[in-house]
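First the structure, then my questions, so here it is.
All chains are identified by letter, namely A, B, C, D and E, in their written order; residue positions are counted from 1 within each chain.
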């Protein structure tokens, strides 16, 4: 039994345990213990984070001559660590006061289901991360998809249900694409094992690689929510019950990135991908992927700018931030990939903190609609602090950790000589700054409404994980070397030259980064500012909000004196017309097709359960595609593969 | 009958500055206060027409360090340019209370002194210093830009010599001013600014800060406590 | 239509209305006296048929002796280049309750301003005028101040104090027999 | 040991020099305006008088802790930024951060101010901030392209390295005239002067972010302005005018650089927000992209 | 205000918020207020709030002698006081059927036009300042000041002249006045180029002002727009030409018009009008020496002057638009009733409220200044 076995087995048993005790109040405590122990197990594997050899699971499966096995390398460990740690924070977050309120509003059953969904998500993600070959990858992939769906489907709200169904349709499409790609890989290389495929890739033609990369890219890209598959994610994550959104928003979509790194970077290798020229353009496959990343930073970020609901705004940013990771990874040099991979960690920390803060606000006020919030800073100062630190991270401003990973991406683009990608990345960052200010302004600053006069600070059980995350955000911002160690090991594992770094950042001949110095100087600056402010100026008096400049008028309580809607109206006069909703219309066409199909199947099954419906629709679609796939490939070699795949299907 | 004359101000009250260095540099600060005066952009009456000439190319107030400012928070000088109708007077008082000390009031035009040519008008308040402590009056209808600038220079000299303390009078004798305001606007007159609280906060209160009128205010007023930042679970 | 034709047309028009009295004061000034009941019809005709599209002003004059308010509608025609003042009289009420008249807002949009003004200053309520609320005197609690029976000086002396301006130099002058020759209270006419 | 003393001196001196030079620049700004408006203008020490007076106010209002912290961040962020800007004889920690870090550190004051103004609960201020952030979006895009071009040209992101290269070879303005022109355009926006003065706009939103600032809060903004002018000047000088080998040359250059946008400022009204964004994304971006094509 | 105004109430769930332009605001002309309801930067509705400058002029005038009132009428509109004196005198002359001597009439027209120049110079600066350009206001006010110097020489007062009395003007022009006036006009013409370059053809300004605050001719007539604002919609109407008073029918001048009806059109109309005034003044400089005779008709003892019974409605073209007085005399020593129809009473209230809807917060101040409204004319 290796440590990995321990981990997987433990998590699986824990899942069963949680599902069993889900009706009892102790489930929240149990889950915290489970994730804490899982973290301990991961720490036991910490050698992986510093360049240790992969750890294999002793459990293998033999399906149709293919050996399915599971293993952890440095990259998996890195992702697993993030997953489990975020799950730990989330479970603490949802254990105390939030649990009580949720149980009251819904039921103990619903809360137990949420816990179960969370632990199943963690388990499935660990299985995915541990996958050692394409088939086990696919199994893990499907598990993750359905676990996510379960989580999203917990919210009984109509909008949420719709978003969840939208998600599962996308996920099925992704699964099909991946399945197809796996089948083709098998037909081309005769193996599903990473190492063997890696060797066989050298003999494949460019067209074959391009086809495979496209299929894998679409499949994994859908999970990541890259352009043009960005539409499902925001609504699905935003509508998930609070802690679920925290967890999903922080890490779930990153599984796509993980798989993409494994397949495209590790197996096909980016040099090979870069060699594929797109006819009639100056671009190659790598450029395309990088541009997909760049556009993913821009478009969702600016969609986020228009949102009027805190959760949606954050969820859209989640989509956008994925672009930076993809962009960084696709730069393919040691700095860029380091930036991309490190961003996964940084992003997970601040996104979790942000979702927690927003959930805390919702917990206290019952809304996340910007029009109904404002002025909460005096009531919830610590939550405000958490949000400010996290938005500084999200916006990529020193000294928080988001800056470091973005700096690495910029630096790589600079060294690489990619002006347009660089500008795209910067446009994304600036858009982020704009919308995060909107977030913090409209929730915490401005006029306090009557109904929020007695709002209290978030309860401790919710506050502690937030503060813990804030410490991580700041700590890894000052000492990015801690994370860069793991990142370097992960880079090593996927076959990229690891980044040279030290505790404070990286050293480069042409201008490096030392966050310890940068932070030190910034705090020196703040100290000077504070001295100037507090010692050179006199005493000041705190005044009521009615005592405010209103052109000489008397402000009264009937006046809404708070600017929140159309926050960037001036900018929108210019770019408002650019929101053409092209993607939305495309999607709507597809959705109407699917709903047509689902109605057909409803007639067949007379079932009121949408989940069954969707599954049925999905199954029919899957069967349809499989059969169409096998038709042209009637010539011998493919037939057993389809059998093999069908045999290996998880259901 | 109110009396125009030097307002008896206890300049030493509130002298204990919160800023430890300011005691040493008190004179420097006073000098700078006299050399940098931000006047509020508020045209209360027709005398405001002579301010643009005084500000712009011909007379150029900026060479004396005087420049216009937009909001009462930023400004030091409230120029009451001419008659104040009762409706305006309320705003002027609010604006004055929103300004930050040291603040100065200059009454420009004869109307601010004693009603001027609108002495029989039912709509204009007559004697400005019943409602606000006035530092300098500039009489005339309307005073020429030269006179306005001369008035400003007088104020500058006063400040430099440490005599520009009329603003303290507003805190020290708030009851008197409030009484006059209540007489004109009614007993339930309340501004959102908390003058008594401010006087307490900065140590500017005297016995005359309180009186029957402040008691009337306390009976009527809606307390406007600022939202304190608090951590309450 | 030139000026003369319009004027001719106007005369025929005016002849149609009963109890109307037309005085042509000069080439460009016409005075019309109408009873209060016919005034809206007259204005309607003036605007619709005789090109008097511009309502220059509505003036109100208080005649307490006659117990009447006089309302004067000054209309200008850009084509006839002539100004027609329509005078009408409505009964006057006490200061506590409003006198009533109809609004001509639906004929002339600018009337809203003048009607509101008269409403505040004289207390005449114009039915169906859009803004019958305080505008200038929002913070005034007394009677409509423009009525003749409101004594502004009395009010001022009751409400406001006067500054006693008696500086040294004036005292010296007075000791020499000079000073202010006529006190303000003496020159009141 | 000597490096530590040197560093401590730099930590102290660099912001101080920036403040002093910035004061002179504020004076220059007001004097240029006065001359264009055919008047005398303020006396020589006016900027100091203003700042001392504002800090010497007896009473001032705070709308809460964040209002205070915002001002601390605004001034402190610029103090920190000055240490990233090499001046003759002093490099500060320019080698530890480079230009990308600097451009992000320069956003800290804006963010701090934005938070502080937000707590004032005045829509004028909030509109001002929304406009200021939009303006930042507008001018940062050409500016960042220029930075990219310059960094790619010098093969370095370190300002020290860039200055050394220019002093050894030729000024950047001669090697990259298009980028220099675009940079000057962006500088106008960065300094927030007309025609890009949209976020102060007294006639529309009553000076926007400054609306509730009194006493030391306003004083903080005045201090911030001195740093802002200085930073803009030094940054441009370092990128395109070869920094300075001695103080005289250096000061001359930064004053000339800052004088150009200032002179333009007094003969234009302000653009509307979207017009400003449009113009910023059109001409300077175009020039900068063509400039980059030459550089690469 | 009242304590109950601070009693907290639940705000409606709407995204609209309020902004107050004025009375203490650089975007307002004088002591006036415009309360806006906005959504984002779009104005949902605007509400004018007047009365800050209310002195009860009409009441005051009923309490003073006919001649005393001359001292307070110019206070009704400060930037352009001369038309106030003239139109008041015109009504009294009309009631008394007095004939003003020709020389007096010429001098009155001279003042009126000089006052128009001063007022327009003031307006340019204000309008430019709302768009963020302060230099024209510095220049404009300084150049206006030169006109005020001329007034001071002529009348003894810089701003309030009290120079016209019923029957004519108080005294004849000083020696050499016309030369100095002529020099001033020369100077203004040399400045024309500067102003054009700086303001009227400044690309940024044109971009700001064009298509903003458009009133078309129909709306203008419906809402009672007068003066330059009406001419900017294309209707060439001017009281000076179409309802002539004094000696305007002997003068040769054009009525500048623009068709666009936006802020730019309005300021351009004023610009052209300014130079038309220069043209009129040049004619006056040429003709005035040849017009001999007294400058005013004899009036009875002004302290015991019972103006005969009657009523009169007189109007003039002030720089803001149509200015009219309705004066009623009951044969007593004081006016029975004086009604002031301020030129801005339409522009500053109903026209502005109508125009503001749907405009953007950026443009509100500019629209207000481009209408050149004078709040004391509303308040009186």
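The criterion applied here is as follows: contacts are C-beta pairs under 8 Å (C-beta built on N, C-alpha and C of every residue); 3 or more make two chains touch, one makes a residue touch a chain.
Just so it is clear, the structure is predicted and the values come from calculations on it, not from any experiment.
Number of steps on the shortest path from chain B to chain E, with steps defined by chain touch: 1.
Taking the definition of touch as given, a chain qualifies here only if it contacts chain B and chain C alike; those chains are E. Averaging C-alpha coordinates per chain and comparing to chain B, the farthest chain turns out to be A. Comparing chain pairs A-B and A-D, the larger number of C-beta contacts belongs to A-D. Set against the C-alpha centre of chain C, every other chain centre is closer than that of A. Taking the mean of each chain's C-alpha atoms, the chain closest to the overall C-alpha centroid is D. With centres defined as mean CA coordinates, chain D is found 59 Å away from chain C.
Once the centre of each chain is set as its mean CA position, chain A and chain C turn out to be 73 Å apart. Chain B and chain D, compared by their mean Cα positions, are separated by 36 Å.
A straight line joining the Cα centres of chain A and chain E is 65 Å long.
For chain A, the set of residues that touch two or more other chains comprises 375, 377-378, 381, 448, 536-539, 541-543, 545-549, 551-554, 561-563, 567, 569-570. For chain B, the set of residues touching two or more other chains reads 17, 19, 22, 41-42, 56-58, 70-73, 87, 90-91, 95, 120-123, 191-192, 198, 202, 224, 226-227, 229. Across the assembly, chain E contributes residues 1, 6-7, 17-19, 23-26, 41, 51, 54, 56, 59-60, 63, 138-139, 142, 360, 362, 379 that each touch 2 or more other chains.
Across the assembly, chains come into contact as A-B, A-D, A-E, B-C, B-D, B-E, C-E, D-E. Residues 375, 377-378, 381, 384, 388, 392, 395-398, 403, 407, 410-411, 414, 417, 419, 422-423, 426-427, 430-431, 433-434, 437-438, 440-441, 444-448, 510-514, 517-518, 521-522, 524-530, 532-533, 536-543, 545, 547-549, 551, 561-563, 567-571, 573-575 of chain A are the ones touching chain D in the complex.
Put simply, chain B touches chain C in their complex at residues 1-4, 86-87, 90, 113-115, 119-123, 125-127, 129-130, 184. On the chain E side of its complex with chain A, the touching residues are 1, 5-25, 28, 33, 35, 39-42, 360, 362. Considering their complex, residues 14, 17, 19, 22, 25, 28-29, 31-33, 35-36, 41, 56-58, 60, 62-63, 65, 70-71, 73-74, 76, 100-102, 198, 202, 226-227, 229 of chain B touch chain D. Interface of chain C with chain B (complex): residues 137-140, 142, 145, 150, 152-153, 155-156, 159-165, 184.
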